[in-house]
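One chain, chain A, links the two complexes that follow: it is found with chain B in the first and with chain C in the second.
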Partner chain A sequence: MADLVNLTIDGVPVAVPKGTNIVDAAKRIGNDIPVFCYHPKLRQVGMCRMCLVEVGTPRMDPATKQIVKGEDGKPVIAWMPKLQTACTTPVSEGMAVRTQTPQVLAARKDILEFLLTSHPLDCPICDKGGECPLQNLTLAHGPGMSRFEYEAKHHDEKHVPLGDLIYLDRERCIQCSRCIRFQDDLADDHVLQFHERGRNMEIVTLSDPPFNSFFSGNTTDICPVGALTTADFRFKARAWELQGTPSLCTHCPVGCNLTLNTRLETHTGGYEVKRVMPRQNEQVNEIWLCDKGRFVHHFTRAADRLTHPLLRNAGGTLVESTWEAALQRIADRTLGKPITGIAGDRIANEDAYLFAGLLRTVASKGSLISMAPAMATYYADLARAYGVGKDTDFNQLGKGDVILLVNGDLEEAAPVWFLRLRQAVVTRGARLIVANDHTTKMHRYAGQTESYQLGNAANWASTRAAVLAEELKGARHLLIVFSDEKLSTSGVRSLAISLASVLVQSGHAGKSNSGLLPLYPHGNTQGVSDMTSPQPWPDRAEAVWLIGVGEGEGVPQAPFTIVQDLFQTRLAEQADVVLPALSFAEREGTFTSGDRRVQRFYQALPAMGQAMPDWWIVQEVAKRLGATWNYQNTAQIFTEISQHIPAYAGLSYEAISHTEDQWPLVGRGDLYYGGTVYDNTGGLGLRYPADAERADFHADVHLDTPPEVTIEAVQRVRRRLYEDGELIRRSKVLAAHIVNSVTEVPQAA
Partner chain B sequence: MSSFEETVSRLLKIPVGYATVLRNLFSKPVTLQYPEQKKPMSARFRGRHHLKRYDDGLEKCIGCALCAAACPADAIYVEADQNTNAERYSPGERYAKTYEINMLRCIFCGYCEDACPTNAIVLEPIEFPTGYTREGMIYTKSMLLEAPPNGVPTTPQATQPGKFDRSIVPYPPVDASV
Partner chain C sequence: MDKHVLLRDLDVPNIRELAVYEANEGYAAWRKALGSMKPEQVMGVVKDSGLRGRGGAGFPAGVKWSFLPKDVFPRYVVVNGDESEAGTFKDHELIEFNPHQVIEGVMLTSYAVLASTAYIYLRGEFYAPAKMLQKAIDEAYAAGLLGRNILGTSYSLDIYIHLGAGAYICGEETALLESLEGKLGQPRLRPPFPAAQGLYAKPTVINNIETLANVPPIVLNGAAWYRQFGTEKSPGTKIFCVSGRVNKPGNYELSLGSHTIRELIEMAGGTIDGRPVKGILPAGESAPMLPASALDTKLDYESVQAAGSMLGSASFIILDDTVDVVWAARKMVRFFKHESCGKCTPCREGTYWALRVYDKIVSGNGSLQDIDQLSDIANGMLNKCFCLLGEFATSPILSTIKHFRPEYEQFVREHQGGRADGYRDELIRDHAVHVLPEESITDERP
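What follows is the complex of A and B.
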């Protein structure tokens, strides 16, 4: 790497990139300099003074401008007279740092004694207890006894709701401002601020409604004490009682890596998800999560989950039944008849693959597979062909790069991509072009904004494509983010074609850090499309089988309907057979994120009732229709996927569960450095190459002239993060945040 | 020894046996009809657990689960919840909603007592847990919690805002002169 700087820390030589600070440099060689206010992802402020070290630089002879050498031939170090904050001191050539001298150790001890003068002794009831940087650093560096009287301590409010998701304990706060800096610098929601000064300094929220941010939960992870706690996890369990299982978020295309923290419960008679924590993946979500991903998990143990198969009896009511009876009923009613299968976009790749296999090869002729939402059928293939390059890393987007955001509210549709792409624009200098019919948060950072009439994105793109392509030829990389919201099926097809042609004509197709980035509605839209090559929904069918469709509208009418889901949805109430499926937390599988990263999730909870994984149900039906399938687990199915789906060639469970050290190192024993984020033990996932990156790809295959789109005056939904739905409805903490979809009616052309 | 002598010697032992039985029949038994009869225990004997209350009737237990963490037999299960001024169980924000000890697993080591930051759990020499079913040996919070002092209301109590903000005050009070 260019521009390396050499220094020694406690006599150990280390070479780090220019601009690194001493804390990070020491971390590279395993020397943990204690910090509270410093966080590797945040701007450093040097407020807590915990990182004080002795710093010296080589002595320079003022006359000769040469470094003075001692008798041993080594440069003489001029030590600074006072201790320096390691977090705000950048390294320099020849610098020497001492972190273990009596002066440094005394400083650490004193800082901790100062911090503890106003910190309550309520570790036993504190949610951070057991994973608390202040606890750990006090044990390692602090005094064993306090010289402060309890009554002389600073007492403050202990129960301050900062909004309905986060509680503040003013007594525990050590005023490190990590939460303020996260909200200001990364989330760009200026909702927290310091109030008053000195001993009276406290955190206040400025916004109305209070702490109004999609990212508020992250502040509890990076809080070095128990000052910020979530309403969801408050007093729910102690940190040491929790078991962590690597998992994935399914609610938006980002595919955030999670750790599900579970604990045995008496009232549910089994394990329960107590909280959702981010799992570090620098390629996906770094160490962040949005509040939806963090708090929506309650549906996994909702009391109204389907636990038994239901069959419609002669009287026309749905009654509890057995798997044997339900599967036999399906086989009896569908043998020799074509089935229309609709796969929801939150089921695993393995489920979708078997489902497609059943409909193509086992069920009788005329069967077909579609996906829900049907909209994705019209552009997922283009996203696969012209999607972001295999080695794309959003952290590398910066100066010279262009991000084109068309027709979508990035923060509402994919909050963590908002955080990451905003960083590329704001701190690393990428150019942002936003085109939309209404103002979104991303407009704040746009170098260029374009607007069009409501619902008119496709026609805007087809008229502007040639000009944009010409303009963007000079860009180093070109990332095109787009959404299907407020478009008709022909509209989204046209938009995707226009944007792909911008990519091709500007010479960015098939390159890393460039490509289409679709804002799909859910976590596995790309994967289900890859597995099924879906067809448009028919109007009518002889038999319809819906897997994980939820509340889909406009489902084809049929004399026989099977609904396979988690809940007794509106569709399930009309069905002839209702099959209980397992949620993502109760099984294994893989999801493919919106940027085509194939990732694994693991089983964290035991099954609910008699519910079974989707792939098992599909296989059992297939057996009764005459297939000789015998899949034992999802790994076996994935092996077959990698053999039969060309894009997935070379992928395997072993390959996608590969992990490696990621910088910054967080989530290990050193909670003080990165917060309570979990280390990634479940796998970093792998992105499969876009078709355009393959040698035998012909650029003009899909790019016929985009169809002219007539705007229809029908209601179109603007997608929102907290959109009402079957899953979010089961989360009490998010209840106040649920919004009804905003419907808008474009003017007919 | 001939077989005749052997037989006589064995026969003579029979009355010796009867004498032993007769003697013990009229002596004082060493066993007790526990739990109807109890034996005085040393003051430091670790018998069954009790959850203590403060003089004002509030529970000392704050649901911190440190006892469960310290328990080598994994016999303690705690679920915490949040106090409100309208329904207050203990001082501070947290109380134990569920508190169970599986007496069959408990080894009466007293580590829970050591770990308790509020001296809420005490193993007292009063009794030793007994029962006829396994389920009955899981002692719930209502079985463990002692009755409030005479004339004091039980929990939950309605309390004044600001009076019981904190769970823990130093115990014993710190002597600042040392």
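What follows is the complex of A and C.
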């Protein structure tokens, strides 16, 4: 590549892209320059002075403008008189860097000694202890003894709530400003600031409510000391007691990669999730999580989890039963009768695949499968056909590209996509067009905004589609983000068709970094749709079987109802059979994100009571209805999925478990570089191609004729991140944030 | 004494009034520039004059102006009147006694770099001078010397005064820009330099008040005229602020390199009671203290540097043999601890730690090892700080220990045992009481 710059670091040659700083360049050859304020994802400030190194450049002859060569024929290096901060110094051709000279080592020791004069050294009771950059770097580079008189230490407040989710310990803070820069530059929530000066300088929150941000938890990951801790994890466990299991977030379409940190609890006798940490995936969430994803995990060990099958007795009450009795009751009541199955959009692909198989091939004729929420039935097929191209990388979106955001609040619906797409616009220069009926945070960055009346997104799109397509022909890439909120079923179908037609007409269909990006309500909406090819909900049925539906509205009435879930929901109260399922943390499986990346999650916790995985329950019923199924695990089911679901052809557990070095390298021994984010050991996942990318693709939907739209009142006005629900309700730490949906009545334009 | 340039009109009664100023060649340079000179010609004259920045760094002003990228507008002129260095009071005097001269300098600079907005940033305590300066600006507007289409030309200029909020760091040019933008006063990373991305990320010229006050006479009389003052490398005159243990503290304008420190002290009436000079601070608290052996050093940038210090803003604080060097060093370290912005580790923590050690010594609890520790702390800070404030903070420590180590040792020995003597009240006032032994703070407090 032409734009590579060659330099040597401690004599080792390295070539890095122009603009790289010395810290990152050294990282490429395994040379860890210690840092506190520098973070590879944040603007560099050069404040902490920990990364000081010797820097030299080839000496130029002022007369000839030629590099002066020494006797050995090598360029003579002119060393700068002072040490330079490696984080703020960009590399240049022929540069030489020394990181191990006595001068550099002494500087590191000096800076650490300075930092420790004010630091309380309360490591034994500090949550960061064991995974603390300051602790680790002190061990590596610092003085062994303090010359500072302990009594003269600067003392300060130790339990400052910066909002209800994050606590600040002012004594531990080393004023690196990583938290401020994250909030200002990436989250665009200007809620933290330095106050006062000198040794009295401190972090304060200026917003009301305080630290008002969906992303506050990330500041605790990148904090290089134990100054910022979450209300959730604070004083709960020591870092070295925790086991880490790769997992996935199921609460929005992003599909953030998580690490579940668990610990054996002596008082309950079982394992618990102690905290949820980001797991690096540069294609999905980089190293970030939203606060919902981080703090909503408490439902996994909620006291009111279903632990036994329940059967309605002769007296009409639900009583605890056994699996054998429950499965037999289902077989007795459904043999020879059609079943309506409804699959919730947070169950695993393997569950949904078997469920669909049962209803299509095992259960009686007339059985059908639908999904919940029903809305996705009307556009997930289009999202699969015209979704983002296989090699799409949001980090590549920038100048010349257009992002069209229609009818959704990106930050509420998919917070981490907000972080990433905002960067594409704000720092890399992509053009953003926003169309909505109300103002959202993304409006701040829009180059063009369009508005329509409440509920009229589809009409707006069908009217504007042809003109937009014409206007956007010149865009390098075109990403169209849309949401189904506030729309009727016909409305969302119409909207998706119109937007797909914009893609096709502007010449962007089936291309990488272009396509539809649906803001699905949950983490596996696409996957469940892919597995089930769902049909619309019937009004009534002879038997209804709900898996992971939660609190669905308008469920078909039936004489016999099975509810399979984590909790005794309102629907379960009415059911004839209630089956306890395992949560995502207690089993294995795969989810497909909103941008069609198929990813694995792993078992982090033992089963809760007698609860079983959904696929096992489905198989046991299938056996009793006459099937000869014998699936041993989800891997076996996935192999079958890859053979029977065309889009998933070529995928395998092995392929989606593949990992490789991701830059910046974080989550390894050098916590001070990237923070406490976990390295990805569970797999990076793979995106399957959109239908439109396939050579044999022919559209079976007529894009030029979007259906007639009926405007109707819908229950939910705006999709909110902290919307009330069965799962979030069980996280006390988020209680103050829960919002209730409000009904508004859209009107025809 | 030399012919005055900056203070030439000091004896003219009411020179601060526009009519009087104009009767004494006031705004003649401005009329000349607008009437017959192109902006680049104004810049050329200043460049040729060799005028060096008077704020401390001594960088050639005209060269600094020429760094502005072409064709990027708007661009700004920002005037640094934060004058917070201890013992510095030249800008204050320039504003208060001849505000129009300052304004004319700002106008000429703005014209030279084609800025249509200029901000004069004054330290928060300059409330009265700011009022005086504003009055003069109002007069200039009323006379058509400022505002839209000045003197019938197509050039327009607005000048605004902004008062700081009391932070020494805001005299550092990038911290000043942050403060002017309404942010916390902390220095910015360079590059980009203000010339490329300064105020509101636009090209910005930022100069000291004294520097710009030189511009009107230079434009009026030419570069060659200006170069008759001073030396080859340091042309022109400079205002020397003299304070401390002298009989006539005040501002003395001299050609650079024309006199020695000894002569400057003589001009300032000699030391009080004719006592021998012990130490010289050539640039307030920021530059290393010089011992009496440096008295014959010439007063120009190069000579003072060769003697082991810096001319900087030329604010000479003279210490005679009645001054306790340990006490003086502690005062200076306390100042830097108080004014450290907190952005970088060595300055934030180093000044805090050093003051703690000084408090220990001054309260009578020090040991000889503490003196070495002070050197260690200062050397730990040296060349590692984000901006010059932290580097300056090492000067009083290192220079006093270098030249007066026996005094430190004597102090530690004499006051061993916890006697605080005359320092006690001061330590209490400075909230350093926690290092004092319990019994010494039980009696009367001020």
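For the reader, a short list of remarks on this structure follows.
The rule is short, and it goes like this: the second predicted complex is superposed on the first by the 737 of 749 C-alpha atoms of A that agree within 3 Å, B and C clash if a C-alpha of one lies under 4 Å from a C-alpha of the other, contacts with A are read in each partner's own complex, and residues count from 1 in each chain.
Definition applied: a residue touches a chain if its C-beta (ideal position, glycine included) is under 8 Å from a C-beta of that chain, and two chains touch if they have at least 3 such contacts.
Because the structure is predicted, anything quoted here is derived from the model rather than measured.
By the touch criterion defined above, A:438 reaches neither chain B nor chain C. Shared-chain residue A:107: touches chain C; no touch with chain B.
Of the two partner chains placed around the shared chain by superposition, neither chain B nor chain C is touched by A:732.
Using the contact criterion defined above for the overlaid structures, shared-chain residue A:175 touches chain C, although it does not reach chain B. Within the superposed three-chain model, A:117 lies in touch with chain C and out of touch with chain B [touch as defined at top]. Partner contacting the larger number of chain A residues, of chain B and chain C: C.
By the touch criterion defined above, A:47 lies against chain C but remains apart from chain B after alignment on the C-alpha atoms of chain A. By the document's definition of touching, both partners, chain B and chain C, reach A:149.
Using the contact criterion defined above for the overlaid structures, shared-chain residue A:83 touches chain C, although it does not reach chain B. In the superposition on chain A, contact of A:199 is made with chain C only, not with chain B. Within chain A, the residues touching chain B in one complex and chain C in the other are 149. In the complex of the two chains, the chain B residues touching chain A come out as 62-66, 68-69, 77, 79-82, 92-94, 98, 100, 117-118, 165-170, 173-174, 176. Taken in their complex, chain A has these residues touching chain C: 44-50, 52, 82-83, 88, 107, 110-111, 113-115, 117-118, 147-149, 151-152, 154, 174-175, 193-194, 196-201.
Every residue of chain C that touches chain A in the complex is listed here, in rising order: 167, 169, 184-186, 189, 337-346, 348-353, 356, 360, 373, 376, 380-381, 383-386, 434-435.
Considering their complex, residues 120-122, 124-125, 129, 146, 149-150, 158-159, 234-238, 240-241, 265-267 of chain A touch chain B.
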